[in-house]
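Below: one structure, written as C-alpha cells.
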C-alpha cells in the first residue's frame, strides 16, 4: 500500500538497529565441573549419564556410564558415593540418589543383556594385568577398549579380588558380580584364575609383555599382638570373609567381639550375626565420630543388632571372655588409657585392624621402590621400572592427583582407568595430555528457583529379621519410575540442559536456539548485555565477560 | 561452549578427559518420560508443588518453571521456547537493558499470536513501549500495530474491533496495550468505557509502577514509599504516600467483564496460559502484567525477572484470575519471602536503608513494616499461602506438576484498596 | 413573505406548532422556514417559535422581529412578555382563551388606530377543544386550524396533512377533528365581522 | 426527493445514504438530533452494516473513529463546541495519521461562560488541526456537503469536518431535496483505504518522528490540503452533474460584478447578508457577497480573484481571536496582500446573538462610505460594557462578569424575545 511517509513503517525494520553496540559486558556460555563428577574417584561423567536417563534412554545412559566404569551394577551397590556427598541438590532438599540410579542402569544392562562395545582394531600390544580386583578389571577393560591384548592373572579361583572376598554377599550378590565380570571379559580379555604370579621380573622377561599393571590389593589382615590365653580364639576379618565366600565359614560361637572401627570390622560383625552369633560387639578405641567406617554401614550394623563398644581397647583375651580397658580422648583427639577395666563375654575375637599387601611378587624387581608396605608410583602410576605400573590398594594413596584418598573399590576403578591411559601413552610414546580442570559448579552458581521441589526417593530395604539370618541382599533397587524421577532430580550443575530460559528471557531476542542437542548461540548484534540470561540460567552455564572497549 | 553437548559435565578425577561428551544428548525419547509420570509411593513426595496428596505427580526436573523443557511434550512447552515464535516485538528496539516491558510485550503478544493463529492487531498507547519500538525510520513490530495517543488506546481498540466486526472479519482479534499511566490514569476513562460496553478487546497493562518514558514520575500505580521524580525521598514520609493509588484489576472486575487476570514476567507458563484463555473469550478482557523497570526502579538490569518473582513471592503482587467479577483462581506463593528482600535491591527504596551500610539493618523499619502489612493482608485475604484459595484446575497447556496460578481475590497491591482510607 | 411568531410555554408544543405550520405551507407548494427560539428552556418557561412562509426561497436566518401574525398558546403570558413587539399593522393575533377579548384588557395594545384598521385579535378556546377531542390539553394543532381560517395563509387540508404526517393515526385524527372545529368556529366569527353593519 | 425537514434529520438521512460503517455517538447540543436520527436508522436496519457505538466522551468518539478508520471502515461522528475541544487531541491525531474520518460540527460557542448557542469559535479552535473544514450555508448544502465530504476525505486520506450552524441550521425546518441511495452509490465508491491494519500485510502506523523528518511530514500534509483546493471544486462540479444542483466548491460569489464593497462570510449568515445586499442594490448600493465554503484549505487565490474588483472588503465572522480580531479576516487580508484593499472585520452573532438585516445594513453602509472602524462588534451593548468596566474599576472583587451582565440586562438567558 502507499504508506504515509515516516508515520507508517514496515514490520521488523528495527533489525537495522544493531543494539549490540550498547554492550559493555557480554554473556558467554560455559561448562562447569559438576560436583558429582568432581567427586567421583572413578572419573565417571555422572551428569552426562543422568541426562541420558532423564528421558528414559536407559541404554544410552548405561553406555555413557560404562565409558567410565565397567561395573555399574557392582559399584552402584558398594560405592560409598562421594558424588552424592558433593551433590548440590543436598542444599536444596536431598542429594540425588546417584548410586541407586547407577545400580538401576547396571541391573537393566544385566537384565537386557546389553553388551559392551567391541574393541577397535588390535594395537598389537600385549599387556599383563596382575590381580582381578576392581583396579585390575578396570585397567584391563580400558586397555582392551584401546585395542590392546590383555591378560589378567588371578591367584584366587574366582575373579574379583576384594569385591568377592572382602565384600559380603548381602551387599553384593555374586550373580551380579559374575555377570559384570563375564561381560567385561567377553570383550576379549584373557582371564587366568588360580594363576598366582610369584616372579614378576622373571615373567616379564620371559613372556615379553609390552607392559604390566599390578594391582594385587591388600588381602592380608594386619595383625597385632594381644596378650592372650592359650585357648583364646582369635582370627582376622579378611580370612573370616574369605572363608564365608569359600563356603567354609569358621566357627565363631554365640558371642563375637570384632576389634576395629573400619568398614571391614562392621562387615565382620554383620557377617557374624548372619552366621548365628547372638551377640556381636564392635570394640573400638575411639568414639563413633572417629570411626573410619561409613555412617551408613554403622547404621545398618546397629539396625541388625550389632553392639558397639566405643573407647575401649582389648587388654587381654581369654577363652570365653576378654578384658577391655576404658579410654578417654585427649585434647588432640587421641585415645588415652584410663586404667579402668571391664570384662566382656566373647567366644571369638575377630581382628579388623586394617589390611596390608603381599608385595613379594614385586620385591626385587629392579627399580621398584617399596616403602611403608606400599609401592611407590608416580602420578602416571608407573613404578621405577619402565613399563611396570601399579595401582589400587597396593600403592601409595598420594599417587592420586588429589589429597590422600581412602582405599575404596571406587578409587581402585579410577586407578585402573588412569593406568590404562598412562600405559597407552607409554606404549605409544605419547606425552600425557595436560589435565584440564573446569571451575567447579558450586551451589551459588545455580538459580534453584526453577527446579521443581522433589525430595529423594528411598530404596526399599530388607526387613531386619531376614537380615539377621540370611545373606540376601539388604538394599533393593529402584523401580523404573523411581529411577526416572531420581534422574530428573539432577540439577545439571554448570552445564546447559536446554531449558530454553536464556532463549526466553532475553528482552532483545538475542539468543539463537540451535536445535535439540545443539544448545544456543548469542546474537551479539542485538544483545545489550543486560545479563538476565545469566541471572535466570538455572544451572549457572552462562557468565558475563567484559567487552574489550 | 562449542563442541560440548548438552548435559555433559566435565569429569573430575579423570580431569584430562574432555568435559561433557560430544555426541548429541537425549535421544528425544520424551515419550519415554510420559510412560511413568507417577511417583512411586504417595503422590505427595513431590513436595509443595505437588497437587493435593494422592494425585499422581508429574515431575519434569524444571517442570513448568523454566521457559522450555525437553522432557515435556512440545504442545506443553511455552510459546517462548519455540524457535519459530513470532517475536512480535523484534530485535533492534531501543528499550533499556533488561527492560521488563519489552519482555512482557513479547511474551504476551507472541502467546496471543499463537492463540489467534497470527490473526491479530495491536493498538498501543504513548509511552516507553511505543517510543522504543517505533522511532522513525524503524519499527520493531512484526504485527499490525497502531499508535494514536496516550489516553485513548482502549477507544481506538474499540474502533478497530468495530471495524473488523462490520467488515465481517471476526477472526482478527484486537489487543490494546499501555503502561500503567496510560491505563490507570490518563487512559482510564476510555478503558472504563471499553469495559462497560464489553467491547471485544484484550487490554494489557504493562505495569512498571510509574511514568518511565517521561523520567519516572508518580502514577496511580506507584506503590507507597517508592521514590519517583514527583515523590522524592525527602521529608517526613519520603517517597510515595501510603493510602493512595488505584487497584486496576479490582476496578476492571467491578465492570463484570468476562475475564480479568494478573501476571508477572517471572512466570511465563502462567502468563501464556492466561493470554491463551483470554483470547478464547469474546468481549472485554483485562490482563495486568507486572513488568519491572531497571531504570525507574534503580535496579540492576539482570534483576528484572528476579524482582518480578519477588513481588509475587512476597505477596505484594497477587497473581490471580477473575471471571465476570468473581475471582476464580490464584497463583499461590511458592517460597514466601519478607518484603525487605524485594525492597532492598531497588534504588527507589534506598531511603528505607542505611546508605552507609546498604546491607545492614533498615533505616526505616517502620515503613518496611507497613509494606509488610500490605503483603500480609494480601496473603491473608486471598489465601496466597497454603490452602484456602479456590484451586485452579490444571489447564491443558502446561504440565500439572508445578502449581499453576492458584486463586486469590483482588489484590491490595502495595498501594491498593487495602491502604486506601 | 408571511411571518408568524408563536408564543407559549415549554411543553405546550410551540416548536411543533411552528414545524406543523411550515409543513402545511410546504404541502401548499410554498417555501417555508420554521425554527424555535433556541433555548434550554424547561417545561413551563416562556417559549417562542417562528415560521416564515413565502413563494420563493427563504434565505434570512434572523428571528422574526416584525410578525404578520402572532399565535399565543397561553394567555397567562400576556402581561409577562412583550408579546406584541414588532407586530405589523393589519397583523392579527390568535389567542388561546375561552374569555372574550374585552375582558383581556388589550385595548391599549390593539385598540383602533388612527392610521389603520388596527390589529385583529381572535380568541379560540383551543385547550378546551384539545381536551374535548384528544383528551390532552395541547392546543397547538387546534390553533393551527384557527390560524388557517383567520389568515388564509395555509389551507385546512395542508394543516391536516401536516398533522397526519407528524402524529400517529388516532392522535392525528383527534387533532385534525379539533383543528377542523377550530377552523369552523374562527371562520364563522370572521364572516360575522366582515358583515358587521357599519354605521 | 423534496422534504420539509429539520436540518439535523436531513443531515442524518444523507449521512446514512453514505453508508458509514462505524458511527460514534456522544450527546452535546446542538448536535444531538443528528446522532439520534442516525442511531434510529441503524436500529431499524435502514443503515446496515453499521456499528453504532455510544461512547463515554467526545475524546472516545474521535478515538473510536480513528481505530475504525485505520482498520478500513468508513467512520463518522458529530460534535460541537466543548465536545470538539474535548476531542481536540484526537482531532489532530486523525489528521496526522491521514485517516478519512467525516465529522459534522454543529457550530456552537465555547465557554466559559457556558453558552449553547451558535457561533464559530469551536471551528476556529481546530483551524490548524489539518482537517478540511467545509461550511454549509443552508440545510440543503449541509446535506450535500456530507456526500462530497466522504468522497473528498477518502480520495485524499484526510479527515473532513462539515460545519453547520447550531440551532440556526440544525434545528431549522425547511425545504431540502434529499438524495436517493442510488444517486449516492453512483457518486461515492466504497472506501478503499490508503493504509489499513491487516494481519496479511502488517505495518506499524503512528511512528514517533523526530526533528529529522517532522517538518517534511507536516509539509506533505500541507501539500495534501493544497491538492484539496483542486479536488473540492472538481468534486463539487461532479456532484452538480450527478445531482442536478450546485453545492460546495471553494467559495461562492454573489452579485460581486460592479460591487465596490464586498462582504465575505461563512455559513448560514450568508442568507441574511444576501437579503440585506439585495435590498441595498435596490437602493442603488452596489454591495457584493463572497461566501466561503472551504475554510481549510483556504482558497487564497480564488478569494483574491473574487475580490479583485472590490474597493473595500467587509468580513462578517462569528468568531474572533481575542486580543487581536478577526480570524477569517486575517486569511482574507493575507489573500489580498499587495492589493491595498482595506478589510473591515465585523464580529457578529457571538453566542447566538441574532444577526439582523437592519444591523448588517447599517454596518455595510458605513463601510461603503468608508466610515467603518477596522474592527466592529455588531450590536454591542455599550451600556453593559461601560457599566461593568465601571464596576470593576470601583471594586477589586467586582464578581463574575457574565452574571453581572445578565443582572444588568435584567433577564435570564432565554434567546431572542
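Each chain gets a letter, A, B, C and D, in the order it is written, and its residues are counted from 1.
Keep this in mind: a residue touches a chain if its C-beta (ideal position, glycine included) is under 8 Å from a C-beta of that chain, and two chains touch if they have at least 3 such contacts.
From a predicted model like this one, the values you see are computed outputs, not experimental measurements.
A summary of chain positions shows that the Cα centroid lying nearest the centre of all protein Cα atoms is that of chain B. Highest C-beta contact pair count among chain pairs: A-B. Spacing of subunit A relative to subunit D, judged by their CA centroids, is 93 angstrom. For the pair subunit C and subunit D, the distance between C-alpha centroids works out to 35 Å. Rounded to whole angstrom units, the spacing between the C-alpha centres of subunit A and subunit B is 46.
If each chain is reduced to the centroid of its CA atoms, subunit B and subunit C end up 72 Å from each other.
Shared interface positions of subunit D, i.e. residues touching 2 or more other chains, are given as 97, 201-207, 209, 213.
Of all residues in subunit C, none touches two or more other chains. Looking at subunit B, one finds that residues 133-134, 136-137, 139, 141-143 touch two or more other chains.
On subunit D, the positions that touch subunit A within their shared complex are 96-98, 157, 193-196, 201-207, 209, 213-214, 216-217, 220. On the side of subunit A, the complex with subunit B involves touching residues 6, 9-19, 22, 29-34, 36-48, 50-52, 54-57, 60, 64, 67-68, 93, 400-402, 414, 417-418, 421, 432-438, 441, 449-455, 457, 478-482, 484-485, 488-490, 492-501, 503-505, 507-510, 513, 515-519, 523, 525-526, 528-532, 534-536, 538.
Residues of subunit A that touch subunit D in their complex: 1-11.
Put simply, subunit C touches subunit D in their complex at residues 18-19, 22-23, 26-27, 31-41, 45-46, 48, 58-63, 65, 81-82. Of all residues in subunit D, only 4, 6, 29-30, 116-118, 138, 165-168, 171-175, 268-272, 274-275, 352, 354-357, 413-417 touch subunit C in the complex they form.
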